[in-house]
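Next come the structures, one after another.
Paired with chain B in one complex and with chain C in the other, chain A is shared by the two complexes that follow.
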Partner chain A sequence: MAASTYSPSQGAERRQRQQQMRRLSIQSDWDRSDGRSFIQCRPAFLRTGAANAASGSAYAEFGTTKVIVSVFGPRESKKAMMYSDIGRLNCNVTFTTFATSLRGQGSDNKEYSAMLHKALEGAVILETFPKTTVDVFALVLESGGSDLPVIISCASLALADAGIMMYDLVSSVSVSCIGKNILIDPTNEEEVCQDGSLVLACMPARNEVTQLTLTGEWSLPKINEAMELCMDACLKLAGIMRSCLKESANLSN
Partner chain B sequence: MVGLSEGEKQFLRGGIEQDLRSDGRTRHQFRSVYVETGVIPQANGSARVRLGATEVIASIKAELGKPSLLHPDKGKVSIFVDCSPTAAAIYGGKGGEELSMELSVALERCLLGGKSGAGAAIDLSSLVLVEGKVCWDLYIDALVVSSDGNLLDSLAAAIKAALSNTGLPKVNVVLGASPEEQPEVDVSDEEFLQFDTSTVPAIITLTKVGKHYIVDATSEEESQMNSAVSVSVNRNGQICGLTKRGGAGLDPSVILDMVSVAKHVSQQFTSDLDSEIAAAEASDE
Partner chain C sequence: METTTIGGGEGATGMAAHMEVEAFRRLFPLPFYDRHLSKSVRPDARTLDSARETTISLGPVASADGSALVKIGETTMLAAIKLEVMTPSTESSDEGSIAVEFYMPPICSPMVRPGRPAEVAPVISQQLSDVIMSSRMVNLKELCLISGKASWIAYLDVYCLNADGSLFDAALLSAVAAFTHLQIPLVSVNEEGRVFTVSGEQQEKTKLELVNKEKRKLSIGNTPFPVTCVIHKEHIVVDPTAEEEAIMETSITIVLDTLGNLVSIYKPGGVGLASTATIKECISRTKRRMQDLKIILEEAVSVMEVD
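Moving on, here comes the complex of A and B:
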């Protein structure tokens, strides 16, 4: 009997926490569970060269979200592929079985793979490696919220580490909309009870958005506000990514 | 994909620049939309939508199921899009799979709203019959019959038409004495409940060719695009979802401008679509 009551009670507990969260969201001011302000991102930790066998790799840790990305290639495209005078980018995102609180399947995440591809393809200069393919493999070790933005930022860092030519680094930040408030870089807990979300990936130096998705109900001024917030955060994140690359270049010298 | 000569490309781009497209439309004008409802008798609701030469069919099947443990107060809706290789040769094999998934995800994002259910086209809590025990599982299946661009907008229109055609049978649930006992379910085959589709948003895809953006692009025009933004707008003019497609980057101010254009265009399209659906429903009965 104990086993059968375990899941529902956990669900009820979670629901209670969510309801509490929703109650809070109606008020204009409350503290986030990790003590951040609404427009404060989690501390970012970035390192290049996480995997030895890859042409380039990077590890990113934003709060409890931990991601490792390896880049292989450019290698010869498979024979079955049609001839192409520009290069191909092949993206793949997987979650480990222990990445989420409920044990997952650990399978490929096709949706995230496609979104990662979209976010990067506008930044990579595909003309520099004709007839060949670059593989980008991302593995989410721990999912702690805002997974996709972390994957995108980490992948562009790994591409830079592999020496793949890009117009600019791609950095990505997401915001959640809860009640009237906009929260930047949401955690899992906040994502579960969000009313809407906006994920933005951009090349800050060129002021170009490479990927943008939005869910939930938004008004135009609110989209404007959220986008400005994301662009600014992306600019700062790109600065951190750049200094990480400089650091690793200095070390190898 | 679409074989166009240099001259044709020039003609297409030049036309868009001068606000007169190859088929005589202006940049922000849709092709005429044709709706037929009740095309699949086995489904609870169905519709066929034609937008120029693009033709899609949407069917809605409702099955009784159990709500998930995480959301005992919500029903389930899943959207599948199938791009049949009969519509275009490139849909065979992996190409079709990728496109199908991209379209399904984009539709889910635009129609199912945020995690808390805000901005959703279908109110999931209205699908629950007994909390934690019985709910409706809605399966929305869409098929691309023939493709001439602007698939996402046509699919969203077809789903809206199919939803307004959907009748869910009235269900009587008799709960067992103890909570473990399976509830008895009695499905009526005479009384049906209609869906409220006024909250279902329309998706407007703006395709950027050169400096200008056009709505309802044909596949020829799509082949010339730099990037596209799909915006879903509901009747109140609120934005319920947004997806960027195409690789090239966009300036943030351009995106905001595209969203406001989409918002403007959606009003006309929504009212056109609504009257078409109403006419189709009337002729169906």
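Moving on, here comes the complex of A and C:
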């Protein structure tokens, strides 16, 4: 017999917080819950070589968002694939059951898997591993907001760690639009009450965008403002990613 | 580059005379290990009865009620416990329950692919559940909220982040550590009879009576500690890596509790039939390792309390 279970709801608290956020969104100046300014990202902690079973791996921690990505290959394509002159990139994103505040199922996230694939596809030089597959597997240990951008940045770091040839590192940042304000690198609470969101993944050294996802309500000048903000943040994040790679390269020497 | 200077083993006569060590290891793993074991040393410079460096850190997952990260060498396990309220069954109306699940996501090993779960995962899941329940480490009565009405169900989820042998040992150790870290939140009952958690800020505001007065920890009874040994010919090798597990004949996993009681012995088939003397030897190795693990766990708890 399956016992009927339910989670003790923290509904009252959450609703209160949401109402407060909505009130704030009308005003033009307020403090974010973690004390950041609107255009300040969470501190990024990045490390390569998190799991030695893989060809390359990386761990990223942005605030409470914690992601681990392993890269396997280039290796034999398992499925009965058609002959191909270029390599295949295979991406998979999974959440742990305890990643979200309500216990989840721990199953694959198909949407994020596809988005991750599209964001990386343009940066990886597929011609360098013909007939084979590179697998990029991500596990979200804790979801604290802006999950997809963190996964994308972490995955490109893991690809670099695995020695897969890329045109450039892909760094990704998202912004939320709440009322009159644009907030960079939003947390879960902020994402819940956003009017619109913009996720941008780019190769900063080449100044090329690999993926741009826009949802919700936006005005044209705001889109421009948000994109410029994201491009600049991506450039800075790529700098942090580069220094992380240099550090690990120095260590191994 | 280093080259082996000693002559080849059974399948590698002559050929190995001037071969690079890494190539010899890949092509002739058995003679490679035979030579090491006969000199009582392992490729990673351990002696046969020493375990890899083990670390425990408590509370890495903020969104869970209790969590722990355990590393045994390169094998990494992340365990987290989330509590939910349920209606207890009529047979055990004053007890809570524990649901254990072990996951091997594709990041942990090149052998696991998405959509095709690893074969060992459900086996380890069941073993974890059996050991936790039969060792009586957790008193299920402590998970009761209101007899017959409401009790806690503890969802214990163990994730393997990197698989490099002795998976069950690391999984059980992380589960034990997560239970010692578990904090039971404050709860209250509203007018409709539903139980909900009360956070720190709300504590003063709420007019409803709290069911439990303060955040508490479970009293962990006899803690079970596991050790896996692989048996290869006459050698007993403690805490094997994935490579050692793959090559050697058979393995034995022993679980002892802190009082020295035997909780479980598991020998999953294999070629070599272990004699009673071997099993006794494995148990004595487990006893020795248990003392180290106890200290490591106590240190992790005391570090947590200082913070």
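Going forward, the second predicted complex is superposed on the first by the 242 of 253 C-alpha atoms of A that agree within 3 Å, B and C clash if a C-alpha of one lies under 4 Å from a C-alpha of the other, contacts with A are read in each partner's own complex, and residues count from 1 in each chain.
Everything below uses one rule, namely that a contact is a pair of C-beta atoms (placed from the backbone, for glycine too) under 8 Å apart; a residue touches a chain by one contact, two chains touch by 3 or more.
This is a predicted model, so every value here is computed, not measured.
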Contacts of A:216 with chain B and chain C, given as first, second, both or neither: first
Chain B versus chain C as contact partner of A:99, first or second or both or neither: second
Which superposed partner A:82 touches (first chain B, second chain C, both, neither): neither
First (chain B), second (chain C), both or neither touched by A:177: first
Contacts of A:72 with chain B and chain C, given as first, second, both or neither: second
Which superposed partner A:251 touches (first chain B, second chain C, both, neither): neither
Footprint overlap on chain A, where chain B in one structure and chain C in the other make contact: 7-8, 11
For the chain B and chain A complex, residues of the former touching the latter: 69-70, 72, 98, 101-102, 105, 109, 112-116, 118-119, 227, 229, 234, 238-245, 247-252, 255-256, 259-260, 263
Residues of chain A defined as touching chain C within the complex: 1, 3-13, 50-54, 57, 64, 68-70, 72, 75, 78, 92, 94, 96-101, 103, 106, 108, 135, 137-139, 141-143
Chain A contact footprint on chain C (complex, rising order): 60-64, 67, 74, 76, 78, 80, 82, 84-89, 97, 101, 103, 105-110, 113-115, 153, 155, 157, 159, 161-164, 185, 187, 194-197, 199, 201-202, 242
Of chain A, residues touching chain B in the complex: 7-8, 11, 14, 22, 110-111, 114, 118, 121-123, 177, 191-197, 202-203, 206-220, 223-224, 227-228, 231
